[in-house]
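The first chain written gets the first letter, and so on, giving A, B and C; residue counts start at 1 in each chain.
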Amino acid sequence: MVKAVPPWLRVASTLLVALTVLFLLAPLVVVIGVSFSESEFIAFPPKGFSLRWYEGVLTSNTYLASALASLQIAVLVTITATLVGGAAAVALHRGKLPFSRTLAIVFLSPLVLPTIIFAIGMLMFWSRVFGPVSILTLWLSHTVVALPYVIRTTLAVLAESDPFLEEAARTMGAGRLQRLWFVVVPQCVPGLGAGAFFAFNISFDEAVLSLFLRKPDLTTLPVQIYGQLEFSPDPSVAAVSAIMIFLTVLMMVVIDRILGLQRFARS
Amino acid sequence: MRMNDRTENLLLALPGLALLAMAFFLPIGQMLVLSVSGASGLTLEHFSRFLSDPFYLNILWRTVRLSLIITVICVVLGFPYAYIMARVSPRLRMWMVVAVILPLMTSVVVRTFGWMVLLSRNGLISQWARDLGWAERNFQIMHSEAAIVIGMVQVLLPFMALSILGVITRIDTRLEEASRTMGASFMGTLRTVVLPLSMPGIVAGSLLVFTLSASSFITPSLMGGARIQVLAGLVYKSVTQTLEWPFAAAQAVILFVGVLLVLIPYVRVSTPRHG
Amino acid sequence: MANVRLQTIHKSFGSNAVIHGVSLDIASGEFVSLLGASGCGKTTLLRIVAGLEGVTSGTVEIDGRNVTDLPPERRDIAMMFQSYALMPHLSVADNVRFPLRMRGLGSREEQEAKVRTALETVQLAHLFQRRPVQLSGGQQQRVALARAIVSNPKVLLLDEPLSNLDARLREDMQVELIEIHKRLGLTTIFVTHDQEEALSLSNRIILLNGGYIEQQGTPAEIYARPDSAFASSFLGAANLVPAIIEAGDKPVAVLADGQRLAIAPDITTYGSTTIALRQEDLLISDAGRPGLQARVRTRVFLGSRNRYVLQLAGMDIKVLASTDRVYADGAMVTLSVDPVRVRCLPR
């Protein structure tokens, strides 16, 4: 089909794609570049080459503390989002619930409703009912935001599975729990795996909820970065950000290994 | 254990439902309640305070205006990119998908930081503009509406591209081929065959992008600076700085309602298709 | 090995009644086919025996025990699905071992021994480590079969298991099924829409139509004596021709155009009726001979034979003939048939 495209259009499209990709990736490249800069000022292209900012970041207590907080929450979120989301996906896939369609919309609604609305709602609700916010608050809110991703990846995998497997298992003598464990869960595993990594990534990168639900001693890494950016950033911010980018790339590679990123081009 | 299918599924869905009820719907409910709470019971004073002050209305208008511009730009850039992504070889498509998903999966603060560097006074872009004679000495794109638009487009373009891609991959290439064999040019085919069929994806993407732009505050706050505010930024201030929670809630409700007004007709229109 | 008894089974999905009072007795070790067009209820009936569908009323007994309210996992059955339903994440051996594992039958070694035997029975022992995705359709089907027989179930249920295979494989598998049935003697219920399959595999055929049992009997019985127009057209490609029977020493069937056809003396229907003329029973010869006169409309070349579409008494009649002699379009021919083979059906 591409052969049928007039040459001027081909050139134009290649140019368009190149520029768009450049546009999409530029900030990331810049950040990584700045992180290696030698000077104290943020400049791109970077002047000189030095790892001092990485050194600084990895030894800074504030950054380490916030990174740890982010990590803790992300791990917790991964576990809960995967378990809860996986179960919900199975229930949705089977479709034998009342109001299946509405339920699906409900479960996917955090994707559609702006996080900021949810964030202030959570802050107000929590303060009213439980008092000051804590890691628990962030844990729960991040899980809510990550849940739809797990559900989506798991549903995608389940959609391609053989619908008769459970029936076959029944005719082979498998009881309810046996079916869940020996048939349903193995079917879900690629979806759960990818979902877990998505959840981790989402939680780790999450900035809006974490900004609203923070305390002086409860700052996540993105919030820390935001704080620095508001005032006078030095390249250490770039170093932290570059590390985060690296983490994201890692996550993407893993998800691709498990599920194939192409699937996401179809959401 | 005597359980039937329905019960089993209910039990599976329960934790998710409980979580959403408690940690999502209740908080939103609380916020709605707070938005109409005053010193002496139910009141609409917060809403009227917002809607009668030109300062606030100005910000609301700016938010809407910028969101529309951002949405349009995302469509213009996203559609060709998505179409090309759908039609190239799998290998190339893979890389194009990576180029789209990688920014999506990076934290928004990191991406915004990158733009801050590029668009600030000493940034590469500003330097180029000066070198090319387009701007004076102190030029920077940062802290302007243009900067907000640039930053937001980069953040939201992936959503648009993926949304349209999803739909285009479902279009039978034979339709385009048939159109060509009937004499239509490539651009003509794009216009009369591909574009109409991609509409659901474009609409879905636009709604998503519009919603997300209207409710973003991290990128606009950083890119726009203190003087150029958007609605979400106001909300943030009201919540964390001036601590006027009911007022903040009212603003959030205005935002929420605006989003719903845009979303509900879309859901109504598109659900039968998915049925 | 057990017998199966269905008593007055009624099944409705919502307000849609699909099975109307079906009763069936299947003896232990019998191979029974449920034959019919799609929508006739044969798969539903099979699933009812399996326990995958409930009944609206009626009872199901397996081996003398009322299992109507028992779920499939407690019924000691085995089922082979049209899509094979192999566990993609398990190896062939683990797939076959699954029912033994779920039911906790024997120790691990005993289970593995049974698995080996089952795989040898279907000649797949050498592939025991592969994953289903690495197997061809025919091989997957064998694995599904091995899995079904490994637990020595009381009843073996097969839901159109051969319909996804190409013609050659189907024939091979049919032979294998017959052998396995001879060897193991399992009570088997086989669902198919293919009459040839039913005829070649079964001890008994149950012909279903719209949720009712239209006719049942051995393959030979049903084929030779279909009781109704439906049965006739389903089993053996028959032409159904309206005619009026005139009684007498030499009864005849009078067709719409007045032509007369001799029929067997032991008829029981008179007056207005339908006669069934099988394509392979009709003989074509040159025009003018004794028999019915018809005109050739088209000829279809089938390789080993020709199928002619003839115009007779205002309708199309299909006839199978050898390729020795070819009759041109538009030519007149004589159709003859052994009177014994003319089946008179009640109107």
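The working rule: contacts are C-beta pairs under 8 Å (C-beta built on N, C-alpha and C of every residue); 3 or more make two chains touch, one makes a residue touch a chain.
Model, not experiment: these values are computed from the prediction.
If the chains shown are joined wherever they touch, the resulting network is a simple chain of contacts running from one end to the other without closing. Counted by C-beta pairs in contact, the busier of A-B and A-C is A-B. Note: the chain lying farthest from subunit B is C, by mean C-alpha position. Centrality by Cα centroid goes to chain A. A straight line joining the Cα centres of subunit B and subunit C is 59 Å long.
As a whole-number value, the distance joining the C-alpha centres of subunit A and subunit B reads 17 Å.
Centre-to-centre separation of subunit A and subunit C, using mean CA positions: 55 Å. Across the interface of their complex, subunit C is touched by residues 161-162, 164-165, 167-175, 178, 182-183, 186-187, 189 of subunit A. For subunit C in complex with subunit A, the residues that touch the partner chain are 50-52, 71-74, 76-79, 81, 83, 85, 87-89, 98-99, 102-103, 147, 151, 157. Listed in rising order, the residues of subunit B touching subunit A in the complex are 1, 3, 5-6, 8-10, 12-13, 15-17, 19-20, 22-24, 26-31, 34, 77, 80-81, 84-85, 87-88, 90, 93-94, 96-103, 105-118, 120, 122-124, 153-154, 157-158, 162-163, 165-166, 169, 173, 176-177, 180, 186-187, 208, 211-212, 214-218, 222, 232, 235-236, 239-240, 245, 248-249, 252, 255-256, 259, 263, 267, 271. By the touch criterion given at the top, residues 1-2, 4-6, 9, 13, 16-17, 20-21, 23-31, 34, 41-45, 80, 83-85, 87-88, 90-92, 94, 96-97, 101, 103, 105-107, 109-110, 112-118, 120-126, 128, 140-141, 143-144, 147, 151, 176, 201, 204-208, 211-212, 222, 225-226, 229-230, 233, 237-238, 241, 244-245, 248-249, 251-252, 261-262, 264-267 of subunit A touch subunit B in their complex.
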